[in-house]
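Below, chain A partners chain B and then partners chain C, in two separate complexes.
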Partner chain A sequence: MPGLGTLYGLGGATTHLMDLQHADLIVIQGSNFAENHPVGFRFALMAKERGATIVHVDPRFTRTSALADLYIPIRSGTDIAFTGGLINYVLSNDAWFKEYVLAYTSAALLVDPEFRDTEELDGMFSGYDPVSHTYDPKTWSYEVDESSPPAGGEGGASVHEGGKRPKSDPTLQHPRCVINVLKRHYARYTPEAVERITGAPQESFLKLARLLIANSGRDRTAVYAYAMGWAQHTVGVQNIRAAATLQALLGNTGRPGGGIMALRGHASIQGSTDIATLYDSFPGYLKVPTVEKNETTFAAWTKNHTMRSGRWAEYPAFAVSLLKAWYGEHARADNDWNFARLPLNTGDHSDLPMFFAMKDGEVEGLVLYGQNPAVGGQNAALQRGAMERLKWLVVRDIFETESASFWKREDSNPEDIGTEIFFLPVSGVAEKAGTFTNTMRLLQFHEKAVEPPGEARSDLGFTYELGKRLRALYADSTNPLDRPLLDLTWDYESDDPHERERGEADVEKVMREINGFRVEGGEHVRDSHDLRDDGSTACGAWIYCGMFPEPGRNLTRRRTADPAQPAAPGWGWSWPDNVRTLYNRASADPDGNPWSERKRLIWWDDASGAWQGNDVPNFPLHTAPSYRAPADARGDAAIDGDAPFVMLEYGRSEIFGVNGTADGPMPTHYEPRESPVGNALYPNVQYNPVLKEWRRRDNPYHAIGDPKYPYVVTTYRLTEHHASGVMSRQLPWLAELQPAAFCELSPELAVEKEIRNGDWVTIETARGEIEARALVTGRMQPFRLGAGRFVHQIGIPYHFGYKGEVRGDSANDLPPLVADPNVTIHEGKAFTGNIRRGRRSPFSSRTLELEVVPQTEQTPFGSPERPGPMPGPGAEGGMVEHEIVPPAEVMEAARIVHARAEARAAEEEEGTDEHA
Partner chain B sequence: MPEESRQLDLSTLLGRVGNAIRERVGALPNVLSARSKRLRPRIAGATATPGVCPYCAVGCGTTVYSKGNQILGIEGNPASPINGGTLCPKGAATFQLHVNPNRWTTVKYRAPFAKAWSDVPYAWAMERIAQRIKDTRDRTFREHDEHGNRVNRTTAIASLGGATLDNEENYLIGKLFRNIGTPFIENQARI
Partner chain C sequence: MSTPEHGFFTDVTLCIGCKACEVACKQWNQLPADGYAFSGNSYDNTNGLSATTWRHVAFVEQMDRVEPSASRWMMMSDVCKHCTNAGCLEACPTGAIVRNEFGDVYVQPDVCNGCGYCVPSCPFGVVAIQPEAGVAQKCTLCYDRQKDGLEPACAKSCPTDSITFGPVEELRALAEARVAKLHAEGREAHLYGVDGPETRDVGALNAFFLIPDRPEVFNLPPKPVLPSKFQRAAYTSGLLGALALTAVGLAVFRPKPWSA
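Entry: the complex of A and B
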């Protein structure tokens, strides 16, 4: 989650679910909290019972809206315009939390004189390279104070040139103060502009703006909760940054009832980011070395990521400890800890480029661990087509998935498909032991209750055994390139003979390695301060240091909850160091006293010379508020006593992005890649100018305002189903609750297209078409973008596929592959399409799947053929005009539609009779 | 004793007693038939094992009730500070995720161009998978890329992890596949 990482320092929710009950205002945007995180939502309702206000900002009226005090509709993909409007309102009304902002954010720092804002460059920031379609972020930095002594001692990546201190103007008079740069940047985001772009009624927008101001400050706090509705956009990271900026200005982060609650989708999503199975990240957010940054030696790699202050000053210790954990005695100081054996990245190897590489025949073999891209992947037809080209495929799942059986779907001929496929059944969660990290960074251990049936095994056991077999196959190799496999420490043998016989590994042996231990003696490390860069410690993921501090004391297994402590510090273990509210130093004022009695969390205690309170301090325990770090200090000693954001270089939240977002230092509204309207804010830059796209025949994009695809389409999840449906559509209990694929549309659109509730409809894009039942509901409403201009939106749950107790077309056949430039997340939440009454034609997505794109037409990201920033059709252009039936007449019109449909049916019947 | 209570008349007193009983519905034993008296809960005497819901990221605590190797039920764990014993429809269906006739419990193999699955022995499949990985790796492994950069890798093998992997599983997957040498290690977390 770089959205939070770049502003605050760590990619995790800043708060915890239970803390929501302490909020005075809960803004839920980009999330259908009540339906997708149902049990977590109870803490929002507890807050409401105590008098808090809940506001839901979303394209669809859902159960979350029903339980909110205020629902504000906005068009999918316009969240930055909305949040930017709030930032503008807070700044222009001087309603920001002055003491907090001055002390804890970068507001007073001076921006580089060379920096140019979108206001000056017509929608672009300085540094754009039209050949590579990327930004050089050199000017997105601070003006350094040449007179300041260079900080940091040896080494040290610094976002500030030469490690010198940035200039600042605490009086905030200088026009290049970050806060003044922000003011100018967001000046365009007036309430009128917000309404015109997002379709949110001005009165509702203003109501929320006033609520935010009234519920922030010393005595009150507001919290934001978001989920995939913010992430799955070509501006996904900036959506989150926008809210983080607003929360910093309002002084809500690091405080009880405040912050940003990132609602991760599934049981282990946070864990899979922490202990990353992501191409660019090693466990603990260490970066995978890449040729792009010349990280070809251990020294070059670690230098790039070692910060002067805070925990990242210990990057070399974390990196050496990881390589010691992997390679044991083969990682030595004299061979650079075996670094030269590591595979290096050369670009973006994430999920989407991976599927293109598969489609183009580069990837021969794929191992799917409980993943179902045939349904869950975007432009799913392309992904199925890609899988057909695999030589071999391993599928590990509980049930037969669409991805395991893509070769026998209705529109394929197995005799044409040469993929060798292995299906290996897996253990359910109750049939194996291990930990999940939930949405609030909390690790909880689930014990093994029973044996898995038949040949089902845990993914742990499978991976362990596969490793053993591979190492045996390579045992005699003398090829140095095979060394990494042979050098691995790979002994997780279970002490239980029964488990050993079944090939299962000992999960606590793996946990011990993740937690870390001393190489000599083998004692577990107690926290990340114990790690060393001299090879004396091994540790698989430094952020999880301390979860298993000694043999027999696995803190993730703790299950003590004291009702007097809602944060439940005795239940499981949260990273880092069992901290529940990140950056909680900010819950006290610069002098170390709580901002108010009502909102106290931790505070400085002079008598004991330490921080104390109701949470583990996320701050050096004995650093007094008055402490000022000497210029040559490093690590924790370089953190000032009033700098709560300990993972960032100066400990202040970076409301001007100097930490490496690819698409600008401040969130800016751009339209989604596919949109029915032009960018009303910056008419000459239609969409994120550095988004990642793949212009290929098998991934066509719609033109802006294309009359063939006039509606916004968004995909989403249901309470009763899970992801691609493997873990829900095969369960009769759940299948019965949501038995059919459907789409939601407004009565207005239904009237326009003569669709009745319950009709079969076909939704269509250039990528494919799917059929579903129409759910015509007033919960969907057209967005009014100024007089006479409306945009319709269609919503489709994406859980369905061609296997399971309930089946249906996959909504993911519709969206294109296009991605955010920071994290390559796709844009499933906002694309365009069309809808018509009736069922689809058979085998409609066939062409895309089978077509092999010739080499000459494969244009990977960054290819020069791509035009520069895409100008939009202008503020008023590109808009498909819709005639909107006034609400009072919608019902009448619906009746007419109904009557016509009946007449049609009757005619057809007559026709059949005659024929007979 | 306070003045007022001495002046209570009988009907007030009875009224209070009645209220007290009504407020404690359940405090008095219900009328039970002889058969009902003999009934025991399905989970009586079962082993209770603490678990975690595998669906969404709220992380509700569960209790898995089992006898021998049979799961009898999976319920919300009342002690959990997150869910206090409650579960949503998905979490409440965790039992059926495990005890489900649709589940595949044998290793299936589909040969190239075959029209059907066939059952194969576990060890055979494991060895064959290892061999296919080795074969692909050995043919496609490159020490340097086309620009002469040392990359030590193969781009012909990919691993895509799901939404319900344990941390320890992710750790081993990352450790193994990085060292097989593929950069294509991805997860639902991005998707």
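Entry: the complex of A and C
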């Protein structure tokens, strides 16, 4: 989550679910909290019971809106315009939390004189390279204070040139002060502009702006909650950065009832990014060494990522400990800690490029652990087509998924498909022991409750066994290329004879390795400060240090719920160090006193010379507020006593992005890659100029304002199903609750297209067409973008596929593959399409699956391209409706639609009779 | 009775429509799915209580285009009301339906002969015959769980405490306080099944509701009537009818005296 990482330091929710109850205002945007996180939503309702206000900003009126005090409709893909409007309102009304902002953010620092804003460059930032279509972020930095002593220590990496301090102007008079740069950048985001772009009524927007201001400051706090509705956009990271910027200006982060609650989409998705399913990240967010940065030795690699101050100063210790955990005795000081065994990253090898490469025949095999791209993947027909070109495919799942059976779906011919598929049975959650790391970085251990059926095995047991067999196969090899496999420490043998016989590994042996231990003696490490860069410690993920501090004391097993301690510190264990609210040093003022009695969390206690309070301090325990780090200090000692964001250099939240987002230092409104309307803010830059795209015939994009595809389409999930439906559509109790693929549309659009509630409809894009039942509901509405300009939106849950108790077309056949430049996340939340009455023609999605892309359109290993600045039709252009059925006439129009439908049905019947 | 009466307080203003109660109920009581039909009626596809759906979440959309801020989408988890004067219990000829030690109306499946008299006697349309089992079925208020000191499955699974379980007296106090709080906030709130006009015949309900609108909006009868209420009038008119017919018969078919 670089959205949060670049601003605050760590890619994780800054707060925890239980803390929502202390909020005075909860803004839910880009999330359907109540539907997709119903258990966590309990704490939002507890806040409401205590008098807090809940506001929901969303394209659809959902079950979350139903419980909110204020619902604000907003067109999909315009969140930055909305949040930018709030930033502008807060800045122009001088309503930001001055003491907090001055002390804890980069507001007073001076931006590089070479920096040019979108306001000066017509929608682009300085540093754009028209050849590669990427930004060089050199000017997105601070002006260096040449007089400041260069920072010492051998830690070389610094976002601030030469390790020198940036210039600052605490009076905020200098025009290049970050806060003044922000003011100019967001000056265009007026309430009128917000309404014209997003469709959110101005009075609702202003109501929220006033609520935010009234509920921030010393005495009150507001919290933001978001989920996939922000992430799944070509500006996904910037969506989140915008809110993080706003929260920093309002002084809400690191304080009780404040911050940003990132709601993750799956049960342990936080855990799988922590350790570490991302192609560019090792466990604990260590970076995979890259060819691009020439990180071919241990020193070259760690030098690039070692910071002068804070925990990242210990990067070499974390890295050596990781290599010791992986390679044991084979990782030695004299062989560069076996660094040569690590893979080097050569480009974007995330999920999306991988499937293009597969489609182009560059990948032979694929192993799917509980993933179902045939339904869950964007442009799912392309993903099915990609899998058809594999030589072999392993699917491990609890049911036969669409991905395991795409070769026998109704309109495909198994004879044409050469993929050999191995479908393996898997233990369900209750059938194995392990941990979940949930949305708030909390680890909870769960025991095995029942025996798995037949030969079903846990993922851990399978992987362990696979490793053992591969190592046996290569045991006699002298080929150095086989060393990465043979050098691995691979001993997680279960001590339980029954589990061993079943081929299961010992979960706690794995957890011990992740937690870390001393190589001599083997005692567990207690926290990440114990890790050393001399090879004396091994640790699988430094952020998890301390979860298992000694044998027999696995803190993730704890289940102490104490009503007197709402943060529940005795329940499970959260990283880092069981901290529940990150950056909680910010809950006290620069002198170490709580900002107010009502909002106290931790504070400095002079008598004991330590921080104390109701949470584990996310700060060096004995660093007094008055401490000023000497220039040559490193690590924790280099953190000033009033610098709460300990993972960042100088410890201030970076509201001007100097930490490497690819698409600009400040969030800027760009339209989605596919949009019916022009960018009203910057007409010459229609969409994110550095987004990742794949212009190929199996991934066609719609033109802006293409009349063939006039409506915004968005996909999402329902409470009743989970993701691609593998677990829920097979279960009758869940299947009966939402038994059919359906789409939601407004009565206005339904009348226009002569669609009745419950009718079959077909939704189409250039990628394919799907059929679904129509759910006509007032909860969907056309967005009014100024006088006589309306945009309709269609919503489709994406849970359905061609296997299971209940079946239906997959909504993911519709969106294109296009991605955010920072994390390569797709844009399933906003694209364009059309809708018509009636069912689709059979075999309609097959074309794209079979499409063979000529070499000229392929890119090496599916790597993406960037569009550069593309002009759009501007503020007045695009595909809009100039009038819609007025509210008072909807019912009458619907009656006419029904009458016509009945007449058509009667006619058809007559025709059939005559024919007979 | 030694145990105080136990029941449900279901608060519509806290319901997020997640249907966890429906699923938890079906799982605990091992009830089958009712079939897979898309209703088009908001997010409700199970449509109502049945012999195999003992908790049912109703979805009420009140979307207002003219006054958008007045728009509401309300969800209510419906259930057997466990009435003080239960129509089903009155009508049951075999004694299968009893009031158990927790004060709840309970159908004993081994005694029920499936005659179905209870079905039209419930003014809420709750109880129904399960054809395969051949018996009447409805919410048992998780009698088996209560026996073991556990709360019913639906209340246990409710993430927002929209469903609370406990001694009815305590629940009523809780509900009164909640209504007062909502009224203080200027929000609409009524209790259904405590002492309103709906309790005239059926008495207070052990499973009662807090609703933010009129009962009809949630498919609850504003004045549920027990069929037995008509019993006296029915018998009286029946008797009078019989007498009248006798009189008419006597008049018409009066034996004539033998003519000489």
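As a working rule, the second predicted complex is superposed on the first by the 901 of 916 C-alpha atoms of A that agree within 3 Å, B and C clash if a C-alpha of one lies under 4 Å from a C-alpha of the other, contacts with A are read in each partner's own complex, and residues count from 1 in each chain.
Everything below uses one rule, namely that a residue touches a chain if its C-beta (ideal position, glycine included) is under 8 Å from a C-beta of that chain, and two chains touch if they have at least 3 such contacts.
Here the structure is a predicted model, which is why all the values come from computation and not from measurement.
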First (chain B), second (chain C), both or neither touched by A:Ala214
neither
Is A:Thr419 contacted by the first partner chain B, the second partner chain C, both or neither?
first
Would you sort A:Ala631 into first (chain B), second (chain C), both or neither based on which partner it touches?
neither
Going by the contact rule set out at the top, does A:Thr719 touch chain B (first), chain C (second), both, or neither?
both
In the superposed arrangement, which partner chain does A:Leu172 touch: chain B (first), chain C (second), both, or neither?
neither
Answer with first, second, both or neither: which of chain B and chain C does A:Val39 touch in the superposed model?
both
By the touch definition at the top of the document, which applies to A:Ser65: first (chain B), second (chain C), both, or neither?
second
Who does A:Arg559 touch here: chain B (first), chain C (second), both, or neither?
first
Go through the superposed model and pick first if A:Ala740 touches only chain B, second if only chain C, both, or neither.
second
Once the two structures are fitted together, what part of chain A is touched by chain B and by chain C alike?
38-39, 42, 719-720, 732-734, 737, 805
What does chain C use to touch chain A in their complex?
14, 16-20, 22-23, 26-27, 32-40, 42-43, 45-46, 61, 63-66, 68-69, 71-75, 159-161
So, in the complex, the side of chain B touching chain A is made of residues 47, 49-62, 64, 66, 69-71, 74, 79-83, 86-94, 96-98, 100, 102-115, 117, 122, 125-134, 136, 140-141, 143, 145, 149-153, 155-191
Under the definition above, what is the set of chain A residues touching chain C in their complex?
34-35, 38-39, 41-42, 45, 61, 63-67, 70-71, 201, 718-720, 732-740, 742, 757-758, 773-775, 777-779, 781, 805-806, 887-888, 890
